[in-house]
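Shared chain: chain A. Partners: chain B in the first complex, chain C in the second.
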Partner chain A sequence: MSAGRAIGAALRGLALALALLLVTFPFFWILLTSLKPPELVARADVWLFAPSVANWRDVLFGSSVPRYIGNSVLVGLATVAITLAVGCPAAYAFSRFRVGGGAGRFAILAAEMMPPAVLIVPFFLLMYRLALIDTVWAVVAAHLTFITPVVVWFLIGFIDEVPRELEQQAMVDGYTQFQAFYKVILPVIRPGLAASAIFAFVLSWNDMFYALILTGGAAKTLPVAIAGYWTFRGIEMGKMAVAILISIVPVLIASFFVQKHLVKGLGGGAVKF
Partner chain B sequence: MVCPRFLSRLFPLRRRLLLPLALTLLAVMIYPLAFSFWISLHDYRLTRLNDVRFTGVANYLALGNDPAFWTAVVNTLTFVFGAVSLELVIGFTLALLLHRARRFRNLYRSVLLTPMFITPIAVGLMFRFLLNSQLGVIPYLLGKIGARVDWFGPGMALSSIILIDVWQWTPFMLLLLLAGLESLPVPPFEAARVDGASAWLTFRKITLPLMRPVILVALIIRGLDAFKVFEYVYAITRGGPGDSTETVLFHIYKVGFRFFRMGEAAAKAYVVVALTLVLVIVLYWVMTRERRAA
Partner chain C sequence: MPGVRFEGVRKSFGEVETLKGIDLKIEDGSFTVLVGPSGCGKTTTLRLLAGLETVSAGRILIGDRDVTGLEPRARNVAMVFQNYALYPHMTVYENMAFGLLPRRLSRAEIDARVRRAAAMLGIEPLLGRRPGQLSGGQQQRVAIGRAVVREPNVFLFDEPLSNLDAKLRVGMRTELLKLHRELGTTTVYVTHDQEEAMTMGDRIVVMEAGAIAQVGSPREIYFHPANLAVAGLVGSPPMNLIAGRLTAEGFAGAGLEIALGAAAARPGAVVLGIRPEDVHPAEAPEGRRVSEPIAAVVEVVELLGSRAIVTLALDGIELKAVIDERHLEGFREGASPSVVFDRDRLHLFDRESGRRLDPTAGETPA
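Here is the complex of A and B:
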């Protein structure tokens, strides 16, 4: 029995180790590639070499990538700001007044799941008419379509968890309900707000589909720029590795902060964790 | 808020709170959806913007005789089914393993979750490079043990794309399922142990039934999301070889933004919306039913 148990524990350890290896190896290889001198980038058999910063230097100081990073940050921040501004009051209304009942919440969920295929055609034509093609504002508008519903969905969950006595007490003390909302409720759900904001930023930062079609020149975001490194004219693998790492690192740091809240939000209150 | 009385009667607080969201969604969602439907009823080509003709449901009827679209639908369904079922099995296995791990559980979890936070285009290009038959480190390592796989060749490309999706999105299953396991009530498991039930019997008779709502929600959310697969195809195969990896979203992108046939693209997109809505209704029904049962 105890021998069997030891074997079981060993197998479990082995399986976890294998999973860790499969997850981390691609990152390791991309990091290695980004540090290779350009002539070694295509050599899969070279694992040891004198590291070179040539790729990093070329991308950071000799290309437009910093500009595209700026675009991505701008799009992300604008999307988060608008989403929270319109999302917080709405989530409060959904949670406290039960507006629309089940149908209201269902509409939010349906909006969240709306396939981008159906929105991209009218979006492109509208932005073309408005002369907003290849501007960050076109991308912000497109990102609002899928990010606002997710954030509202998350915020409803966070506000649902705040006991009503809190704002009732505030209203006894002379606050209007609206004051109770922004002076009492919003501060209480600050951790949830922060997690939602970070998550919204990550969603915006990671989108390529809308940005690919709505931009093409000066307003390109980082994911679109990354895709441009592998073209029919040739592959610039070392530089692409750098660009990939630049897109990954901030998101991974952010992910450590949101993981716990993410679970609550995604289940949408249906599954109690 | 200070407000004239007649206005506050017309717009009670709950409506005023909803107004910004309603206006935003009206502008970026409802209006484009209506416009899209209008486009789908026209012969609307980007190359002939001055000659847009009303054609009724012709774009929809043409779908009946459009093998490229249905190939894309079948490819996408194969992809969704293959990827999501693998993700469920691997994700559940990992969740059970992590749930029993005493040390470093949070560290393991944080590392194992990382793929789901990365932009899919980066994942696609990363694996295009790693699996490339000339430059790639994985074929190089496999070559050492004498195995040769043409990852993006005919017959293999769709499976490779499924595996890439599994790499990126199994963490999502792990996240939800592990949270589900951690919130299960303890007494049934204690009772099973007192009764001397085997691990397998406990799993089948207690863990699985209790986890059912979490599994269902995870499956549907992931399935809907997998249906939108685009970046891997764009990054790696552009639909090829032949049309073996052409997915629905990539197909619509091609029709609309490579061939400039906007009317046709809009009609195809509306078919996808119909499919999605059915799934969302199922999801909502499952969620409310499970909440009532809980």
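Here is the complex of A and C:
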């Protein structure tokens, strides 16, 4: 009995260790690569070396990567601001007024099913005509197309959880329905708003496709810059590794804070908070 | 304090007509209870008065003001919901002050009103807490306090006590009544609990299937139910209802024959109503005008303390009786005591329409 249990526990531990290794090894390898001296970067078989900060110094102080990080942050923040500003009222309408009937709330996710390739050519032409090619605003506009629906979907779940009596109480207490919405509903779903904001930021931060096609110079975002290390002279693996690490860290931190709420949001309000 | 008037109010949700024409006058300063089974339209009536639903037809007046098309905020009513609907992100103080902010009162005035209401309800120590840190009874008080500070024209209560445990509920009833005496504000109170309705209302509106079945004082409702629906709803245990016929001699049905004197002028199909407390042991009529003794078999005895609910089998029908503990001797399970009915307290209803027939007035069914 106890021996069987011990073996079970050992097997479980082994499986978990294996899974942990599979997940963390790439990160470890990238970290290692970023610290390799330039002449060893191409040598995947070398594991022991004197660490060098040359790649880090080159990327942070000798390249435009800091500027691209700034672009990514700007795109992310603008996307979050706009997506919440339009997403909250939209989610409220879907939740309370049953806009589009029961199917309406699912229909908004249809935008997610569409391959980005469908949108990109019209987008490119539109931005070209508007003279917005290679600006962060073109990227923000593109990001809104796939981020807003998910955020609305999230928020519907959170608003569904708020009893209607709360806003009805506010209406009886002397407020309009819109006032009830922003004075009562929005503060109550604050955890949901925070989770949605972080999630939206991460989606924007990680996108490469739209940014790659709509920018090319000054307005590049970090993922595009990472891809830029794949040059005609070969892959600048060391610097790329540095840029990759810089792009991963915010996502890791954000995921840590929102993972609990993400599950709730994806559950469409099936879980109480 | 203004009263409330409903004039021909109808409400439909899609195909379903929930309210089928309500005409009701609620007196200034009265404590009116809307009672009825679930789905009878009592909550809809309250929500129409609050403005949370729009009427399909008819008018609603608060005082002399037609509020039919007005938004809830323009009606100056305060409502207490069944789940209290306290704002979870605000403290008790903020919850109570929230309804005063749109009125642009001075800060000092708001503070004075909140503290006065809090003192009245004994929740001053809780003012700094959030709803999540309060017990159910405390939340209830805050919800009532929030209504009180508004000093509204009408208080609306939607089953406010149903989430409390039984003991707290009885205590809260008394407090609500005291509060009503003190403030004198017109109050409309919805409940499905007939006992709550009887104890709290100075006027009771019994609703049934989207219409008003009877309006009256608790005494009228209890002793003169206007129809079978009211008779069946009010009273615990409920009234015994026995189908039968009215003959020249009196009532006959289910093996029972009860002389009703001059009452039975015109024969017809009726339902006889006997309240369980009007069934007495044959040997203890205690000065009442009673019917002939009838033999019954005791099936179940549920002792409540000073009284017991006794289920009697009587020639194929089941009869509930409330028997004083002093007379329980002959009412052990399996025993066959004789019982009599208080003849002055029998109720007769037309079986077809359900309407009350007054035995003493000599009215008989067609």
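Quick notes on this structure:
FYI, the second predicted complex is superposed on the first by the 262 of 273 C-alpha atoms of A that agree within 3 Å, B and C clash if a C-alpha of one lies under 4 Å from a C-alpha of the other, contacts with A are read in each partner's own complex, and residues count from 1 in each chain.
Definition applied: contacts are C-beta pairs under 8 Å (C-beta built on N, C-alpha and C of every residue); 3 or more make two chains touch, one makes a residue touch a chain.
Everything numeric here is computed off the predicted structure, so don't read it as measured data.
Aligning the two structures on chain A places chain B and chain C next to each other without any clash.
Once the two complexes are laid over each other on the shared chain, residue contacts for A:T145 go to chain B alone; chain C is not touched.
Using the contact criterion defined above for the overlaid structures, shared-chain residue A:P223 touches chain B, although it does not reach chain C. Once chain A of one complex is fitted onto chain A of the other, the partner contacts of A:T176 extend to both chain B and chain C. With chain A as the corner point and C-alpha centres for all three chains, the angle toward chain B and chain C works out to 90 degrees, nearest 10.
In the overlay built on the shared chain, the residue A:V121 is in contact with chain B alone; chain C does not reach it.
After overlaying the two complexes on the shared chain, residue contacts for A:Q168 are found with chain C alone; chain B is out of touch. Look at A:A15: by the touch rule set out above, it reaches chain B but stays clear of chain C. Taking chain B and chain C in turn and counting the residues of chain A each one touches, the greater count comes from B. Contact with neither chain B nor chain C is seen for A:A200 once the two complexes are overlaid on the shared chain. In the superposition on chain A, A:R190 contacts chain C only, with no contact to chain B. Here chain B and chain C sit at a least CA-CA distance of 12 Å once the structures share a frame through chain A. Shared interface residues of chain A (contacting chain B in one complex, chain C in the other): 176. Of all the residues in chain B, the ones that touch chain A in their complex are 1, 13-18, 20-25, 27-29, 31-33, 35-36, 39, 93-94, 97-98, 100-101, 108-115, 117-122, 125-130, 134-137, 139-140, 167, 175-176, 179-180, 182-183, 213-214, 217, 221, 224, 227-228, 230-231, 234-235, 248-249, 252-253, 256-257, 262, 265-266, 268-270, 272-273, 276-277, 279-280, 283-284, 286-288, 290-291, 294.
Within the complex formed with chain B, the chain A residues making contact are 12, 15-16, 19-20, 22-24, 26-27, 29-30, 33, 42, 44-45, 82, 85-87, 89-90, 92-93, 96-97, 99, 102, 106, 109-111, 113-126, 141-142, 144-145, 148, 152, 176-178, 181, 202, 205-209, 212-213, 222-223, 226-227, 229-230, 235, 237, 240-241, 244, 247-248, 251-252, 254-256, 259, 262-263, 266-273. Here chain C touches chain A in the complex through residues 50-52, 71-73, 75, 77-79, 81-83, 85, 87-89, 98-99, 101-103, 146, 150, 156, going by the rule given at the top. If you check the complex, the residues on chain A that touch chain C are 163, 165-166, 168-176, 184, 187-188, 190.
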